[in-house]
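For reference, the structure I am asking about is given below.
Here the chain labels run A, B, C and D in written order, and each chain numbers its own residues starting at 1.
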Amino acid sequence: MCRWAAYIGPELFLEDVIASPCHSLIAQSHDAHEAKTRTNGDGFGVAWYGAREEPGLYRDILPAWSDQNLRSLSRQIRSHLFLAHVRASTGGVTSRMNCHPFVSGKWSFMHNGQIGHFDRLRRGLESRLDDAIYAQKLGSTDSELIFLLMLQHGLDHDPARALVEAVNTIKSEAARIGVPAFIRLTAAFSDGHRLYAVRYATDRFAPSLYTATLAPNAGLCVVSEPLDGEAGNWMPVPPNSFVTVKDTKRITIEPFMVTEESAPTLESA
Amino acid sequence: MCRWAAYIGPELFLEDVIASPCHSLIAQSHDAHEAKTRTNGDGFGVAWYGAREEPGLYRDILPAWSDQNLRSLSRQIRSHLFLAHVRASTGGVTSRMNCHPFVSGKWSFMHNGQIGHFDRLRRGLESRLDDAIYAQKLGSTDSELIFLLMLQHGLDHDPARALVEAVNTIKSEAARIGVPAFIRLTAAFSDGHRLYAVRYATDRFAPSLYTATLAPNAGLCVVSEPLDGEAGNWMPVPPNSFVTVKDTKRITIEPFMVTEESAPTLESA
Amino acid sequence: MCRWAAYIGPELFLEDVIASPCHSLIAQSHDAHEAKTRTNGDGFGVAWYGAREEPGLYRDILPAWSDQNLRSLSRQIRSHLFLAHVRASTGGVTSRMNCHPFVSGKWSFMHNGQIGHFDRLRRGLESRLDDAIYAQKLGSTDSELIFLLMLQHGLDHDPARALVEAVNTIKSEAARIGVPAFIRLTAAFSDGHRLYAVRYATDRFAPSLYTATLAPNAGLCVVSEPLDGEAGNWMPVPPNSFVTVKDTKRITIEPFMVTEESAPTLESA
Amino acid sequence: MCRWAAYIGPELFLEDVIASPCHSLIAQSHDAHEAKTRTNGDGFGVAWYGAREEPGLYRDILPAWSDQNLRSLSRQIRSHLFLAHVRASTGGVTSRMNCHPFVSGKWSFMHNGQIGHFDRLRRGLESRLDDAIYAQKLGSTDSELIFLLMLQHGLDHDPARALVEAVNTIKSEAARIGVPAFIRLTAAFSDGHRLYAVRYATDRFAPSLYTATLAPNAGLCVVSEPLDGEAGNWMPVPPNSFVTVKDTKRITIEPFMVTEESAPTLESA
């Protein structure tokens, strides 16, 4: 399990989310409260949108709390839209290629959760990727593969649909090889214009997801765990929800895969 | 505060102390029980005596739990005497040069604790080192400086005396600049033949120190926190003690700086 | 292109090959003479056989010349059989998982050379691996894939045959997708008992390969480039040769894929 | 010896200097032409002025050519004034703290060259620093110490004078302990408004220094080696010169320490 925070709104220094709040993402890397693992010290990353269509990306394998570069970069860089992540590995090795966010063209993606039985599902899932998408695979995590499956299933055209298809593909592959589908998925992703997030699980334990409007500038934060250590201003997003933020005044929260879930045998659909 | 373990006895794979016990040093890097900080993810190191008079040294800045090299090395390397350490920084940056153990010639040294007001004491203490010893300084921690002060004060000739002198030097420097002396010091060090350890503090909170005879081969472990998570076989060493292990059958525990401590104004002696 | 050195014979400190000769492997990391790239600074690794059936493995992404851990480890560790490698990337990212040697059970493998058109061949080659072997893939290099193909084709039973099959598989896949087969392959590998090496290319430019008996102890070195900077004692191995070292007195050099090569259209066999 | 490039002018992406020119700084990290060492793979760094008075700082120990973070950051970050450096160690260990540029408040500094006999001069020079300046020392290089000596001698008030004093302090210390003063110093530094550079040596071999106006936007580059591999547009700065760039139209080149140098015995002045 990992911790992450995404921001969209008026330009903000990255540090206002990553480093400054009393329960900032860096603080959570040392001591998370709502995560299965308190320590998220297996690397970190930040993707931000700025001068170009594609995001900037800074990832490293040190714990976030001890990286001087991250401190300096987040003090200097301002962005209207960014994703930041601290990692607690559930299996994959600690390497830069396995750190979130993952980036492809204009898209960025980060994830908290896991695909159950990933060791057995991995190959079958990879075989469903087109060559051009498979060639983008640099690491070995289930998270990166979810992102690639979304790209495969039309992320550019319909983000929510692409994610549904990615989840269905995982379920279908699980059915094919005869293991129960087990997915926990709290993720955020962006094309540089809108911010998307999802809270979903195949069981009752979807990892937590919150939104809040930041006081100083009315920007919007979407996070796996409140930044200031208290739930006060923070709104929990219900399980099985898909969040679309067009701008800080237009937030849509829709059901995600609810129909499919109500039919318990649909995993192999 | 950090966690460490030292071993002396029949040759043993490093992993039997570092990785295998249920509350091994690697497990403690993720979740220590008796430390002020639960997470000790600011690097690690191991010094072991083997084919040469001077010890081998492997240190890196990753958390111990995620370093594949450490896993492989500790599975291959056997030693009759080694020191292993996981670091939780109390101030210094995370760099290899600041990871314990520190090594000089045949000597190795590692430490849990801190020197209070180190920022203000550092220069004065460094100025008391001979050029040849000062030239060995590679990092910026209080721990390394304690080791250099011990070298300065005759570590080769009388280890216990050298440590007393090092502590007195720190107290004397604190008195000189007018700050209260505050030292917490649980350390282990070795010349490749004997294993030395100390548990000491200027206040009542000397960091914990334990010894135990390992069941499989009757070797002796000296640790900052029991390896198997239960104090069963583990003997706490009293505060203000100096431990000398000549071999696994000859362990001496002597008072350390007790006389000086009983006279509260001796800090500037 | 990379540089590497393998040793088999009486126990030797790793440093006697890695660090001490005037044109040692570490020296070659800074300034190779016979390589296409003078600098081999994209990581390094060493696999050595010692206390266990499986080898120890130490790999990191720093240039070999600046890694203090490598210096210390190679001063302490003695082995009768080891492989050491300095990397110059021909494409893959710099990560520990992409550093040679690669290890699987008792086997270790390292490589200098490349598979042409690897981007296009990679997926088809991976699809030919059994699940259990595919699951061992941790990085993204052509070199690791050659090793996995060898495992797939019976490395345990007939090393030379396994390598022939691996090469034929690459050629066959190239034929299938319609690109010319282009392979340069100077590799060493071992099961802890014998040392194997190959010098091969599909064109006339097989990367160099040499053997020499070391003066101090009559051990045998197999290298991509002479260690002492002069070819004096060093014997070049002819192109398209397979080398088997049972012990330092029994070295066999056999033709490798010569029959196939003489029939220029056999690439697609 | 290292390679570096500084830029002042209209806002530019860092990559236009660091990564894009055919003989860019990243290319020079692999293959410098005018340096004593061709390879500059012992880390890199960049300091840039942007949203705040103090510069941002990104340094790491990998070779510049293999750092994906550097590629992404330099594609995203624009600055009107920045310093970039690739390091070839002349002695100090490879650590982030030893990578240039060094930063203090609004000042940044980077250096190519060395102080001869630094091992023997280091302590005496450090003892001349005020406590507050000494406390800023994080690494162990001669370069960082030159920067601290400049801060000690009034960098905020008179940059050229501060550098003269720093050089004189080194000469004076060399005289005191009886070693010949040997300094090679090609450096750039900035307060975020002006860019300063110096080319100086106590012998006839001052490391090279060039300036050029960049075609695309008329910004000014000051470099240790021309970026495009040809001296065409590049103007060599004479030895013993101090360069002040107020803006791209007002460049001053003044003699540096010429008077002192003409009197060969003045080293101990």
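FYI, contacts are C-beta pairs under 8 Å (C-beta built on N, C-alpha and C of every residue); 3 or more make two chains touch, one makes a residue touch a chain.
Model, not experiment: these values are computed from the prediction.
At the interface between chain A and chain B, over half of the residue numbers involved are used by both copies, so each side presents largely the same positions.
Centre to centre, using the average C-alpha position, chain B and chain D are separated by 39 Å. For chain B, the set of residues that touch two or more other chains comprises 68, 93, 96.
Contacts between chains leave no pair untouched here, as each chain touches all the others. Contact residues on chain D toward chain B in their complex (touch as defined above): 93, 95-97, 119, 122-123, 127, 131, 134-135, 137-138, 140. Across the complex, chain B is touched by residues 13, 48, 50-52, 55-60, 68-69, 72-73, 75-78, 96 of chain C. Taken in their complex, chain A has these residues touching chain B: 30-31, 38-39, 41-42, 61-63, 66, 68, 89, 93-94.
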